[in-house]
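In the two complexes below, chain A is the common chain; its partner is chain B in one and chain C in the other.
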Partner chain A sequence: MERSAIFPKSRFQEFFDLMQEFGDVFAPRRVSEKSFSFKQVKNPSEIAFEALRTILPPKKFFFQQRETIISYDENGVRETKPKVSPQVLFGLHPCDLAGLGIMDKVYSASPPDPHYMARRQATLLVGLSCMPDKHCFCKAMGTDSPTSDYDLFLTDIGEDYFVQIHTPIGLQMVGSKKELFSGSDETKSQAFKDFWTTRDQAFTSHFQSENLPAIMDMEWDNKVWDELGNRCLSCGNCTPVCPTCYCFDMVDVASLHAQAGERVREWDSCQFVGFAKVAGDTNFRPGPVDRLKFWYRHKLHGFEDPHGLPTCVGCGRCTESCPAGIDDIVSVVLRLQGKPSVLISDRTTGATNSDCCGSDGGCGSGCGGCGSTHGSTSGGSPGCGGTDTGGHPHA
Partner chain B sequence: MTAGSPLPSIAVHGLTGCAGELLVILENLENLIPYVRVSSFPFAQSKNEDDRPVDIAFVEGSVSQPHDLERLKKIRAQARWLVGVGNCAVWGCVQRDGCRKESAVAMFEKTYGDKSQDDVMPSTPLSDHVRVDVKLSGCPINSTQLLAVTASLLRDHLPYITSKPVCLECKLRENACVLIENNLPCLGPITAGGCGALCPTFGAACYGCWGPSEQPQMEAMSTILQEKGYEMNEVMSRLFAFGAPDELFERVKRTIPQVSVDTI
Partner chain C sequence: MHSQLSPTPFLPTRAVIRSIIPMSTDNYLFQFRIDEPGDLVNCAPGQFVQLWIPGAGEAPISVCSGEIDGVLELCVRKTGRVTDALFNLNEGDWVGIRGPYGTGFPVDEYRGKDLVLIAGGLGIAPVRSLLQYVLNHREEFGKLTLIYGMRHSQQLLFRQELKVLLRRQDMHVYIAAEEVVGPDLPSVSWQLGRVTDMIKLAEIDEGFLSAICGPPVMYKFVVAELLKKGLKDNNIWLSLERHMKCAVGKCGHCFVGGTFTCREGPVFRMDTLRFLPEVIECS
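And then the complex of A and B:
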């Protein structure tokens, strides 16, 4: 179903009260100068409407960082029932909705995960429109507009919010407070269309994704993986922040009390050396290059599994969260496609870098433009990356 | 354990260290006591059975003096399981890093003069001398891990201790990254977690007190800190303050041939 309605921004408090009638409300809140986090809000003034991406994606509400799955004692083994209460997530952008769509597919596949499903079923999703920054590339991944996986979606059209209603419960929400909502008119519908046209033109990071799986296959041995992988810290930051990374570790924690203990599930990362280690001290992906390439492949190509889909939704969290600046997915894809692109590793691997960047050896802010003299880049490069390498300040 | 049979015994010993681990164990004694008998704990009790075998011996501190080594060998001979607790026991900690900067003897004489009757040797972790069954790092150790290790050993299981990096714990807590946002020289990416990312949670850089994570990417870490403007000497000093092993030291040195160890 798809219907729409309008409500004035000046009456957001009433919309907030309405959400609270359906559960505890969680929305992006500012937690530092540059970072946001989905947390419970009791007052609209706590919401950071300007938040583009939170540190952790909303998957944390369903697939929790750490949780007990079963417990055991001398009387036997018991499944731990997840604690669930009705909740409304507000302020999810299209990339996050798409990410949850992928998580839903994975965790609802037979046999469904009871913890994930119980929390998912108790949750309403209220999306919110956004304007991309330099790290956003959802348009390239085809996840730039809300297509499913939401109950309501709010588009900021100036004085009002244009509300797309996607589910029966979304309709019930709107229907339970009729005095707040009105139908759209021609002007407001036009404003809605204009917003999405403007937004579509606002993307500065983009690539053609149609050939992505084929490119990932044919460029498996590209030297870019070595260059980036050798900068990799194996810190694993890229995976918890990814809306679709779903891997976990499972450990049994024995209690001092004889016969008792619990089995705990905790987020894990394919970037850790122990992740692919098996008996006999064999490791399928022993080095950071192997691990980085593996992760990129899952995101941009997909596994040979029943889901088989590229799992990147273009939110830019990994780009922003990588201390080494190597999760610059857009630039990596462009490089693999043979298009002009500058990577952070060019600074350390390109012999011509030091020639053009002077004695600081590291592309300081004085780096004007290397033009096509960059020997190490394919297709020439517009600069040394001194101004835009994933938000990481230079030395 | 069956009713009537004697409780498993534990011993708690301190070599050269700050007694931080001993304090953590002392604080947790009330949790342990229903399940174990404390046969020796010189830090906390006056009557100790130092000459009898024990099931689990917890040893804090590094080996820094000949009498440390004698004691350690005796402890090893009497213990079924030997658990090295804390960074000093597992990696050697700051006293080991100090020994890298100048010889242990020179340092000793500077501190105590040349007339001291004590003897000294370069500070080293326990596993340089004896078999260590479980290495539980920390500065100090984490209570939950201590209890979990004890619980596992009481069931004859070797405990599962990961050394995934601090970054994982930091992200699980959803902290803003101090390495990225504040350009602090945070060693979270190459340091073993277990502390719950304590320092970054309060806005400070991780300074590596739990020792290296599993296969730390030392070269990448030093590259990234240098790109942020930290001098190599400072980077090296931070990377090795808590007794990281020489092979890691060598790896970083290979990336920067111009740096002399003497200058650090």
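And then the complex of A and C:
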């Protein structure tokens, strides 16, 4: 059974202090005029409460963009243990929580990934309610309310925060500062219900997700894929910003004398030309059309096996960060369903991606558009401009 | 969520190169001695391992020996970064190996049935693991046919072993190359042609089960020919090639549709692939 509590917004400093007792606090911070990034905060004034979507999703805290898994030298080969310290992520919206839920499923599935799991187990998740903008479609994907993957969830009900307590450790947090929290009363509970009703009605982007897998199969040869794929730059922006894109590459980084080195895991993107390449230069997805279609299928069809879920959570990050304006999932789905739709590129004045690339360290460490994700392994930059440089050494 | 953390699945075991046997100009058979083989001793025909050359990286390689008894055999073509590095190593050098991974050929389903094994080029490597298993338990299987094709006769692998196989009375061997030149192989009835031509020649009927491994471009034609012979697609098993990076169902590189080739495959029954896109078509 879920418990709840209330605390006044005016006393947020105390709630912040409480979070700090449980670990370093990370929350959305404004990093440019239009963009936000999850960064450590030492003071509540640094938190951007208005942030709707950060450039990179919170997966970066657990599935790091670049991480040494194994190191070797003359004395042998050994596992590099992750450096873990307790942390509290604050300000996660329902889509991000749902995204982490999917990441958890993938990385806890046998064999579990100890690097991911160690960080996940050392982290508390504190969610925060939000109001959708034109890119949000979590309602369509059924991820618009917090489900299972959080410790506390704060709903903004005016003067107060309504706190849903979901885990024993969440209860411990609240219990350790009894003077801050009070029980909910009828008015506050009603305010909570009203908030979620209002929010539900605020969505402007929506589609029916019923039978989406069947529709994705049925429309595999739809001409929309050619149309969009031919505009795709293969920059790979859509994958680092996705809360559920979990694909990675493993590369060796050797020291100059070649006797020692590391095996490093880094984010990879199915939009890069070398992703599905095998020996003899055979490529199962040679063109941007193949790759874009594959990505859409993965997001909306989900795996037949072993996870059985669509992996899109409706956060709208890909729509916002696509420089070609083709990752407009809502429009694409509506078109596949045979309903009238307008591509986002025709609705707006262009992608906001330039804000992302120009401004943020967080982006530099993850945005495929900058080519940084793969620059080190390929020598070239398969991330930029869709040139077929064959990003991956293969054997 | 809160559980004891296990060691990383990416940690390889140390394998020392015991011998290197050239098979053709760019294909060598590597024999590795593994002191702590762990699960590798239970490697089934058709499974693969991740071969790691420190500094170069990892590549998925099919195991080509039927039974592993402290020695693991990999037949490798020099074709990329990792295999280039392997070809620069000498006997006595060490590499890392982890595995075995994936689902191999369904030996239990094959048992008691007639069997046709079809290999194209380096596809002979995983097929050899199955062949060795079948020959080690010959009485448990019915008729046995091996069809092995390659582009050029100089690319013939396992020449000495094939000479022995050709003399066996309890199996049929068909070897074909699209170009035959160079030293002839005594008593090898070279055929000029392709794997598909050999299927036409071979005495196989709808009662046979099949195992296929070859370059991706080969499958479409081979499957069509087998169907003409009367085999049903639930009697055809294919080993699909993908570049697995993690081999434990996470990295996404081996996706076929929504299926991890490293776990559900690399060997798939043809009828289970029918509903998946991007299976064997490629550029």
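Convention: the second predicted complex is superposed on the first by the 341 of 395 C-alpha atoms of A that agree within 3 Å, B and C clash if a C-alpha of one lies under 4 Å from a C-alpha of the other, contacts with A are read in each partner's own complex, and residues count from 1 in each chain.
One rule holds for everything that comes next: a residue touches a chain if its C-beta (ideal position, glycine included) is under 8 Å from a C-beta of that chain, and two chains touch if they have at least 3 such contacts.
Small disclaimer: the values here were computed from a predicted structure and weren't measured.
When the two complexes are overlaid on their common chain A, residue A:251 makes contact with chain B and with chain C alike. Once the two complexes are laid over each other on the shared chain, residue contacts for A:101 go to neither chain B nor chain C. When both complexes are overlaid on chain A, the residue A:285 reaches chain C alone and has no touch with chain B.
After overlaying the two complexes on the shared chain, residue contacts for A:272 are found with chain B alone; chain C is out of touch. In the superposition on chain A, A:35 contacts chain B only, with no contact to chain C. Looking at the shared chain after the overlay, A:121 reaches chain C, while chain B stays out of its contact range.
Of the two partner chains placed by the overlay, chain B and chain C both lie in contact with A:261.
Judged by the touch definition given at the top, the superposed model places A:324 against chain B, while chain C stays out of reach. On chain A, the surface patch touched by chain B in one complex and by chain C in the other comprises residues 249, 251-252, 254, 258, 261, 268, 392-395. Residues of chain B touching chain A in their complex: 1, 31-32, 34-35, 147-148, 150-152, 154-155, 157, 160, 162, 164-165, 167-168, 171-172, 174-177, 179-181, 183, 188-190, 213-217, 219-221, 223-224, 226-229. Residues 31-35, 37, 55-56, 60, 65-66, 230-237, 240-241, 249, 251-258, 261, 266-269, 272-274, 288, 320-321, 323-324, 348, 362, 391-395 of chain A are the ones that touch chain B when the two sit in their complex. Residues 1-3, 5-12, 14, 52, 54-59, 77, 79-84, 96, 215-217, 241-243, 245-246, 248-253, 255, 257-260, 263-264, 275, 277-278, 281-283 of chain C touch chain A in their complex. Of all the residues in chain A, the ones that touch chain C in their complex are 69-70, 72, 76-79, 104, 106-109, 111-115, 117-118, 120-121, 217, 220, 246-252, 254, 258, 261, 263, 268, 270, 275-280, 282-286, 290, 294, 297-298, 301-306, 392-395.
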